[in-house]
Amino acid sequence: MSLTREQLLDGYRRMRAQREFDERMRREFEAGTVPGFIHLYCGQEAIAAAACMHLRDTDYIGSTHRGHGHCIAKGCDIGEMLLEIYCKQGGLCNGKGGSMHIADMNKGMLGANAIVGAAPPIAVGAALAAWSQGTDGVALAFIGDGASNQGTVFEALNLASVLKLPMIFMYENNGYAEFTGAKYHVGGGDIAARAGAFGMPAPKVDGTDFFAVHDAMAAAVARARSGQGPSAIEAVASRWYGHFQGDPQAYRSREELDEVRRSGDPLKKFRERVLAESWLEDSDMDAIDQELRELIDEKVAVAKAAPNPDTEALYTDVYLEY
Amino acid sequence: MSLTREQLLDGYRRMRAQREFDERMRREFEAGTVPGFIHLYCGQEAIAAAACMHLRDTDYIGSTHRGHGHCIAKGCDIGEMLLEIYCKQGGLCNGKGGSMHIADMNKGMLGANAIVGAAPPIAVGAALAAWSQGTDGVALAFIGDGASNQGTVFEALNLASVLKLPMIFMYENNGYAEFTGAKYHVGGGDIAARAGAFGMPAPKVDGTDFFAVHDAMAAAVARARSGQGPSAIEAVASRWYGHFQGDPQAYRSREELDEVRRSGDPLKKFRERVLAESWLEDSDMDAIDQELRELIDEKVAVAKAAPNPDTEALYTDVYLEY
Amino acid sequence: MAKKTVREAINETLAQEMRRDPRVIVLGEDVAGGKGGTSDTEEAAGGVFGLTAGLYKEFGGRRVIDTPITESAIIGAAGGAALAGMRPVAELMFIDFIGVCLDQIMNQIAKFRYMFGGKATTPVTIRTMIGAGMGAGPQHSGALYPMLTMVPGLKVVVPSNAYDAKGLLATAIRDDDPVIFCEHKALYTEACEVPDEDYTIPFGQANITREGEHVTLVAFSRMVLFANQVADRLAREGISVEVIDPRTTSPLDEDAIFDSVDKTGRLVVVDESNPMCSMASEVASLVACEAFECLRAPIAKVTAPHTPVPAHPELEKEYVPSVAKIESAVRRVLLDSDVKAAATG
Amino acid sequence: MAKKTVREAINETLAQEMRRDPRVIVLGEDVAGGKGGTSDTEEAAGGVFGLTAGLYKEFGGRRVIDTPITESAIIGAAGGAALAGMRPVAELMFIDFIGVCLDQIMNQIAKFRYMFGGKATTPVTIRTMIGAGMGAGPQHSGALYPMLTMVPGLKVVVPSNAYDAKGLLATAIRDDDPVIFCEHKALYTEACEVPDEDYTIPFGQANITREGEHVTLVAFSRMVLFANQVADRLAREGISVEVIDPRTTSPLDEDAIFDSVDKTGRLVVVDESNPMCSMASEVASLVACEAFECLRAPIAKVTAPHTPVPAHPELEKEYVPSVAKIESAVRRVLLDSDVKAAATG
């Protein structure tokens, strides 16, 4: 274990922020305060946290419709994210994007994306920019198990492989694409093997194990930064809730959901491990929990109270100049 | 070797017809008699011949821009093909499709296709029709090395794998996509492995060896007809001529082209083998050569002399009823 | 006769057509919705919005086919299956997803018949959701039917109510040409009287939802509801508005529009699409070219602005042509023609 | 000043812009054309039609990037690279291939700025070939610019000559919004005088290629050549035709069109696209809505028919709006207005 205390706390904070955020969003959605619809990331927090810890603000990620966790882990401001989810003035997209389009170029966040499989080619473009300019920047795309079937994702893999781009493909196998199980929709059953066919390393890891993701990612980033080309990682972690909030999940058995709750909590696993190894103490993490709870309480209140964009905003920002 | 004399003659005839056809098209194009532009199949004839020998008129193939050989091997009428290439009334598409769109539903030929990678999903649909109706029909898609990079092709592979469709993906690796070498554009370098990643058998064979393709195809068809699902085959055979007729091929070295001519002739290889094994005699094949030469002479003359479609034809056949 | 929602009408029609013709199959993402899950049902959802509920149970997995997320393969396979004799009904969940499968729609399915010289038949129906109003954001809210209307070889249907949805969907499925069937998501819960037995409504035949004398209001899909409201409201003032619902954009019932403008001399077209190269532009230009002499006033188009659909619900409301905007366009056209009549009269 | 073809003008501009700004990169299929081959050059082709010849040699493989056949990844990567600070020029070989990459164009690149609240800039130029006339058949001959013109967030350029091609391409590459640059393949060999030094031509500013009094003829891309011929021919009869080349369809120089129609009272629009939801419809409808009072005759649209492009060269010729068809539309409009003038006068 080569992580410093600071790194451990950082990792924990990134995970806890995601959890606190999406659990709160879930309650707010149920209370009817959130516009549109939202897709919760609970259960998958270790993937985004461990992946993004290796990235700088000048590195890029491409995200998905289930992007809250990715944004938080990449360093997007939680207050501005909330303003965006509430579609308010001052939100990261000034209220025009909403939950499925949060983006922040200053943090290297190329956008959540409501088109399944659209982000990987875009992230490959960011990797191409680094490669073309000869920097050591890298880019990463998050890809769901369902998205792993979309043609665009294969094209992104191939282009990154052909040009040896500093690119990481992070498959998040959470078991479902909407209401259809990965057991059914992934032809051949092996997502990682798809990336492997393009000649890149493609380890499969437990996505609820922060340390496993962290290690796999360390290797992938090192490879990318040193000009050796792309990698993929398949991280397996069950989705806790429905596809979108409100989905009754009739396609999942009671037993499966119980099992997910029992064994699929990356935060619990992290805490058990760091306590067992005496790397951190309960109080370290409790303090973070408390701090984040207060932060999100505050920011949710601010977001709810914030002004709507003017009607005029409908017409602006289509072009820089037209 | 389990092929009968009739089968051997059939295989030879299918190959020779393709060769004779495209060599003649080449000369005609150079002489300026052919409209549009054409892509010659010379060097790859064993693939189409050996593959289509296993198929019935009620089985389907999806083809490419380089489709003359596929059409001939699947049994399209040579005269009607020529009428089509000359864009004449009575051509397989009544002159509206031309070289890149020859189709014949009665022969299970779903169309040459000028969009790279478009045919595999369509052929998968034909396989799906057989599967849905419970027949033992199969479908096959021809896919270039260049096309193997197109997202649509991966989607076709996956859908066929998920539904266990009676489908065969025939990769034709002829070394180039237009002017760019497969060595460069195939990420990871292994086309067959891409299909393998979807859990289907994906042997790689010498595409200039009729017998090798024939054997691989026998296994794939048997698997498909018996409901065991899709297969892929990567058949490697160099393209003799330019991407389109007239391409100066500055990207290929003299040595490469010499080598192709020396070792890349499937007809020559076939003849040597059947003579060495005493399965056929020179005279068997010479007779076929002669017959096909005369046939194509005659049909080219007919096609050149045939009437153009009426101008009215521009407006018909957009819909069955509108 | 029972009242049914658009959703119910569509669901019922799918079942009836599948019973009627064994060649009809349904394929798409989650059309059963439950395959590969852990509960004991393989049809847990019946489509994201329940449009295909019950079909898997009745017709089984070889006719109601859950697919991976793979729009190009869904549409391509529908095309290939059609060439091989089936009558597939493919679901493209949101029309916004044409971006990942347009080739199969535009260059393949739509062109087979023509480019194969009239020798191929492609009876594919593509069901897809259109429209804003649900807070679904910039990539799930488009009214992109003009983009497909312009494609030769396609027929495009934009039903505005449950009765039409049922009859037009039956026509679509029985039609031997490829049809894009556009379901406005904000209409799913709209109900009207719908017969239980199956029936068809011919394409290219407009429905005159309000008869009137003073101005012709052509509206598509959900906009027909708004247009009707405007007509009803103005009727109270003695302004008589004729509302035309073309029901299909391709073929387009040009004659119904010409006949109406011949009578009224005034035209307003309402289209939820973006303005450029829209159906509003198409209809307006047709009248300006073919029925110019009838016109007593400038034509008015009421469309969405040249912007994406914003996520914010209030901005989204402002984006969609509203009853108020339509009404004011109608009043403007009437005013303009008064002015013109005064000037020339 | 030297005469240059459209092809030469484009090639020269690409080189000049790459010299001017190191962030400009070129990517696409075969843009070098020779990678992975066996000859000793990696730039054997410089694009299928030689448009990018010489660039690889001068700027190397990290700025002139041969890609696999992978349009979604080409366009997507251009978009991502732009977000990351580059100014990519992506080549989409034929516009007909938008079917396999439209999502990246329409839902991603075009919308980034808007849906990210004005905080992202996407300076992508997509160069692509349009048009019939080369016997390339139904899947390689479309004039699909209306399909992109309708997409908010995109600018669409349709140059009709080498001088404009150079200035407009420079503007496109320096523009911070995404631009679709449509090169008509039948224009590549057309030549005119083109300065050696670089210059820009602003978007949204029409070029009046013929001044006239009697009728306004708006034409796009290659159709401008035909329109000019019609104007020249009719001039001999004393019929004075004003020809407007909008040069960009989005933004569209509406004022130039209104000003001209204000003068002439008559409008003919020529567009090689299919008729429905075309630029012809767009321009005609604009005038019918905004400049109705000026009109002294019905508007006429001259477009391709509602059919795919047939392979047969003679049918293809019949498909493309011809000088004869344009001329007869102009005569019809003049006649119609005489009739109308006679009737009302």
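Read from first to last, the chains carry the letters A, B, C and D; within each, the first residue is number 1.
Everything below uses one rule, namely that a residue touches a chain if its C-beta (ideal position, glycine included) is under 8 Å from a C-beta of that chain, and two chains touch if they have at least 3 such contacts.
Quantities reported herein were computed from a predicted structural model and do not represent experimental measurements.
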Farthest-lying chain, centroid of Cα atoms versus that of subunit C: B
Centre distance in Å when subunit A and subunit B are each reduced to the mean of their C-alpha atoms: 44
Intercentroid distance (Cα basis), subunit D paired with subunit C, Å: 30
Separation of mean Cα positions, subunit C and subunit A [Å, integer]: 36
Overlap residues in subunit D, where contacts from two or more other chains coincide: 67-68, 70, 72-73, 96-97, 99-100, 103-104, 107, 114-115, 137-139, 152-153, 305-308, 310-311
Residues of subunit A whose C-beta touches two or more other chains: 93, 95-97, 101, 113, 115, 149-152, 155, 158-159, 162, 184-187, 318
Arrangement of touching chains [line / ring / star / complete / other]: complete
Residues on subunit A engaged by subunit B in the complex (per definition of touch): 149-155, 157-162, 184-190, 193-194, 196-200
Subunit B-touching residues of subunit C, taken from the complex the two chains share: 25, 27, 62-63, 65, 67-68, 70, 72-86, 88, 103-104, 107-108, 112-121, 152-153, 155, 175-177, 204, 251
Residue ranges of subunit A touching subunit C (in the complex, touch as defined): 35-37, 87, 93, 95-101, 113-117, 146-147, 149-152, 176-187, 250-253, 255-256, 308-309, 311, 313-315, 318
Residue numbers on subunit D that touch subunit B, as the complex places them: 29-30, 33-41, 44-45, 48, 66-70, 72-73, 96-97, 99-100, 135-140, 305-308, 310-315, 318-319
Subunit D - residues contacting subunit C, complex: 72, 96-107, 110-111, 114-115, 137-139, 146-147, 149-153, 249-250, 252, 273-274, 276-282, 284-290, 292-293, 295, 297-301, 305-308, 310-311, 336, 340, 344
